[in-house]
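Two complexes follow with subunit A in common, the first pairing it with subunit B and the second with subunit C.
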Partner chain A sequence: MTIQTEPLKSVSDIERTTLMTFLPGRIATMLGGRRWRRLAPLAVLVVLCILITIANPNFIELRNLVRLANSAAVPLTLAMGLTFIILMGSIDLSVEGTLSVAAMVVVLLAANDSNGNDYGWWAVLAAIASGTIMGLISGLVQTMLRIPSFMATLGMWFIGLGLSVYMLGGSAIRLNDASIRDLALHRFLGLPLAVWVAIGAFALAAVIQYYTRLGRHILAIGGDEDVTKLSGVNVTRVRIAAFALAGFFFGIAGVLAAAQLGQSHAVIGDGRLFAAVTAVVVGGTALTGGEGGVVNTLIGVLIVTVLANGMILLGISPYIQQTVQGLMIIAAVALSLDRVRLKIVK
Partner chain B sequence: MKDSNGLVFSGSVSRRTLMLGAAAGAVTLAMPNILRAADKPTLVTSIRSLSNPYHAVWKTGAEAYAKWAGLEHVTLVSEGNSEKGIADIKAMLAKTNGNMVLSSDPNDTPDARPIVEACAKAGAYVVTQWNKPADLHPKDFNPNYVSHIEFDGIASGKTIAEILFKTIGGKGGIVALGGLISTTAAIERKKGLDAALAANPDIKLLDFQVANWKSTEAFDLMGNLLTRFGDDIKGIWAANDDMGSGALEALRAENLAGKVPIVGVDGIKTAVDAVRTGEFACTVTSDPLWQGGMGLAIGYNAKIGKFDPAKEPPEHREFYGKAVLISHDNVEEYYKTNVESKPEIDWNDLWGRVTGAIRA
Partner chain C sequence: MNEGFSIRQVFEGKWTQGAIPLVLLVALLLIIEIAAPGFLTGETLALLFANTAVLFILATGVTFAILLGGIDLSIQAVASLASVMLAQLLPSLGFAAFPVAILSGLAFGLLSGIVHVKLRVPSFVATLATGGVVTGLALWVSNGRAITIEEAGREKTAWINATIFGLPMVVLISALIGIVSFLVLRYTRFGRQAIAVGAGEPAAWAAGINVDRTKIIAFAASGMLAAIAGVVLAARLSSGSPVLANQLLLPAIAAVIVGGTAITGGLGGVARTAVGALIISIVRIGMTFVGVNIFLENMVFGAVLIAAVAITIDRSKIAVIK
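Coming up: the complex of A and B.
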């Protein structure tokens, strides 16, 4: 449902087209232009799957597909929240902090090996609520104190991390509540419950983006905030709501992560911010905002997960795996964005 | 924080106790020297932080020794700041006029030199642990730089590998999870694994992957390794317990927990519990309680003239301590003596855990 605006190409734009921007643009034109480019992430995913299957047929075994879904569950839930923020043209760096607070809350309130609490599923609700509140605060700080989202959420990241370190006393605390652990261990129709939760999160995000006013306003802000404001949208309110929504998804992800690992420690979120941003961007959502969406992100998460799984299946040395990931990010972004139309590259 | 997580928390102190301790220390320091029995030296422990279980247990050991010896004890915390660590030690040297014994886990390798030089200049006795530059030697600072203690990563990696091989019957495939590539501990423990593999040709290392010391990364990695090798994986070698526990949860999600044995290093509580249930085959620990107390004991005995550092053999000046192995055979006893109650350590046995001089 993205609204495509086709800016009139001025003479100066054409003059600006140097060799570097000319080449990918030409390749894309040969492939059929913008319509096809939007499908580039999906094509990358399909090609990856085919290549890995040829190299190691174990890849398409049902057991492996279930594992793939399982390891995509937490990143997908996180990336759902992050997508809305990036669609707005903002960024949320508090992913790891919020996730670790949610994981800390659920572990400390449910049955654990550190205190006598045993609130069962209330702990899960409390964890999701604490994630939402963290997001709400990010949004309020950003809009009320006029602090850029980059700085506001960077602050929230460290606040969250500090809070978890303090509450957990620097150690790992185990989650003993069997019903919460069932999120990772119990299966329904062959898939762990965590995967169903992640699918639910995706469905919810899709409904919000495509069928609610909030979703359209978020997209509109990303496209052009001034125009949106002039059209009578309460931009401040939309921003706060978007950050709270992101916090809500991070909270769910925190619960899933704690359930999967059976424990919580302050660094449970380590590395998840980078993975989530990568997934969103690789899926084709522009960091400048206004373009892309949750479906793109779903594909992005799958690309990242399939690649990680594939590199192990192909036996690629751990010493160069990160290099491959870096190459893939550049390739995916180069394919999916129309660089010719970009006037400025920052 | 009851006995159930006693191992991890056996060293933890409530904030109130900490504040009381700090206040008491400050009051004591404010007293004139005469009131503090000037002839008795002050014991000083310098560590990185109290927020990790390892150093919290370290402090408990130091306090246990001080109580046993009837001496004053002060803990300095550098909070990962080398400058602060060194400055605090210099302040203590000034306050005690050099009449002190220091046991230090320097925040970073280069820190050991200024610490040792300051102590030697003030006439205090110092024992360093884990970190020192290769060209800094106790024998160059007789008698003040008494000893340096480390634990042999190669031996740890090898010991747990051998136990893993024995548990799976001496043949079959294993996968290994390594630590952050650039760290000394990761490199040494992998060397130990390689040595054990060389001695056991029937064991096949299916794959070595890096999970950067983290359980979260080990969790995802293990799922992928299960796809690639499936039932060929008979055992899992992890360079630390945290990664081992991440791999364990990945196994649990596939109903394989307890069927594929795991080994690790550190002796964290999760791992000790897993050894009890049979999901881990073993883990090894450097025993921070011993480290905390014995670092002070060695320095204090040199200080009061029980032995002359200059006359001690090289393997008493720079040595590897003996890591404690926790396996199926001794886990119940270990749990009883280390988790459910405080262990008894013979503080007179200064060299009982020396396993040899540190490799040059």
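Coming up: the complex of A and C.
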């Protein structure tokens, strides 16, 4: 069956790529092809900063830049985790579910206004662990039940959301632990601690991607899963580890979000998946996998945050932000997909 | 793939896959009837159907996308936008607000389809993106608030809440939509081509089917049906809000999959979705009945979704599971 359809696929490939890549492909070639593509996100970021500064010089004030860094902290941490998943050519839609579970765990275990728990930083560890476990389950479901990751994680998204809303009893619970709140309130070298945590998460992700075997294997799977398997890599184990790693980052992000808001509630995760996917894709990591990385994502997060910040400075309705992000996803994916490798788009 | 134990073979048999949801539905009905005699009377059943109507209309739309092997993650956003448009436009446009709201859904469905097909973006990302675009617009149009349909507008939506021959109007609307969609999928060229594309895209392409057009039409249909669902929902609740339908994405997709339509495409249909929507609806009622906390509903549906996908998926069609 597979052998028979193979020539068929390649025929349709040639026909389609000539037809379909016409417009976006032409634009990309016009602007210098691959090399331009690689530098495009950085160029977009720089141009964006310059334009916003011209329109409103308040943008480059130190106070605004600190605010910018602060609002980038959670998306950056989330996007670090998501980058590894997208590098494999998969997707993790459970971002919001996992984040809300971690936020729920930290709020309920640390000092709060709902129960008598006061486990301090053990609560933070528990929250990160719960995020990791959620990721681990996503990975196990995807590989053991052999279902596509977007379905497995769609299920996990709502499992996480349901669990956290249930545990919170449908209400908002305040976080009263002063030392955890300090993540958002205390400053070191002018930046809130949450920003330093996010920078730490970025450094960790960079080390994992560029200097560990796991990072290399994730890239290899995204590049070509069959070849990776044939070279003796235990693909299943790498996939599970990658999802657990993503859950780990989502767990940290959940703690940061709870610390920043000073509470946890049912909608703490709303819109975070969207922002994270936008950041990863706009940064230039290909959805097909194997191309891009955490440095791209850093730039992507900055583009998304600068744009959001700029829109507020320019007095554009914040409600339209999601619309702009959606259009950015479409534009970025359309310009960056390596269509020659795509057989069938589903 | 050759672990030949019988349970797997039973699950993989085509007719059993179609029959299992139906058996499950009947079993669920019987269990509830035994637990609470009097459930299977005309009145409660009419109520059950009325509560399933919106979910069914949404799920019918996604059925088109899933039959093609794609997915539409923008339906809840499109439905919410339609509810906002209806509530916003009823005072000024009167009855014309209905077609405008529904056509907006058609337009965004078309957009999803064109982005997916022409720019070759995988459908879950394309529809995630258009869903974001639509949500942003809905928030912007409504200024982030819920809009109540006032007395004057309620006169124009009253027909949706009416009852005809003892049957709520919403049930008739969803039945009509179900029958039309069923006939379209079974007896029109588009329907047959959609199933062919879902069953095997390269073969469908080689057979001369305009794959791109088929896909775009399917996504447009999904968007339009989502908008109709939003309009019905707004009429029932007498309000439109940019987050009105947010809780319906997962149940709608779960209804399609639980009904026995495979996410790999080509297998399934509207009749199965009707069964799936009823199952989801009954499970929801049953959970309240048994005393499961309503906040846990999402958890149950998430787990059900994963289990149903694992059973219905046709693994021979995907070389590498990403």
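Just so we're on the same page, the second predicted complex is superposed on the first by the 283 of 346 C-alpha atoms of A that agree within 3 Å, B and C clash if a C-alpha of one lies under 4 Å from a C-alpha of the other, contacts with A are read in each partner's own complex, and residues count from 1 in each chain.
One rule holds in what follows: contacts are C-beta pairs under 8 Å (C-beta built on N, C-alpha and C of every residue); 3 or more make two chains touch, one makes a residue touch a chain.
Note that this is a predicted model, so its numbers are computed, not measured.
Between subunit B and subunit C, C touches the greater number of residues of subunit A. Of the two partner chains, neither subunit B nor subunit C is touched by A:R38. Of the two partner chains placed by the overlay, subunit B and subunit C both lie in contact with A:V165.
When both complexes are overlaid on chain A, the residue A:M88 reaches subunit C alone and has no touch with subunit B.
In the superposition on chain A, A:Y319 makes contact with both subunit B and subunit C. Contacts of A:A257 after superposition on the shared chain: subunit B is touched, whereas subunit C is not. In the superposed pair of complexes, A:I329 makes contact with subunit C only, with no contact to subunit B. Within subunit A, the residues touched by subunit B in the first complex and by subunit C in the second are 165, 169-170, 319. By the touch criterion stated above, subunit B contacts subunit A in their complex at residues 1, 4-5, 8-9, 12, 49, 51-53, 56, 178, 181, 207-210, 214-217, 219-221, 223-228, 230, 242, 245-246, 249, 252-253, 268, 270. Subunit A contributes residues 1-2, 5, 8-9, 11-12, 20-21, 23-24, 88-91, 141-143, 145-152, 154-159, 161-163, 165-166, 169-170, 225-226, 274, 277-278, 281, 287, 289, 317, 319-327, 329-330, 333-334, 337, 339, 342, 344-346 to its touches with subunit C in the complex.
Taken in their complex, subunit A has these residues touching subunit B: 56, 58-59, 61, 63-64, 67, 70-71, 113-115, 165, 169-174, 184-185, 192, 257, 260-263, 265, 267-268, 270-271, 308-309, 312-313, 315, 318-319. Of all the residues in subunit C, the ones that touch subunit A in their complex are 68-71, 115-126, 128-137, 139-140, 143-144, 200-203, 205-206, 250, 253, 263, 265, 293, 295-303, 305-306, 309-310, 313, 315-316, 318-322.
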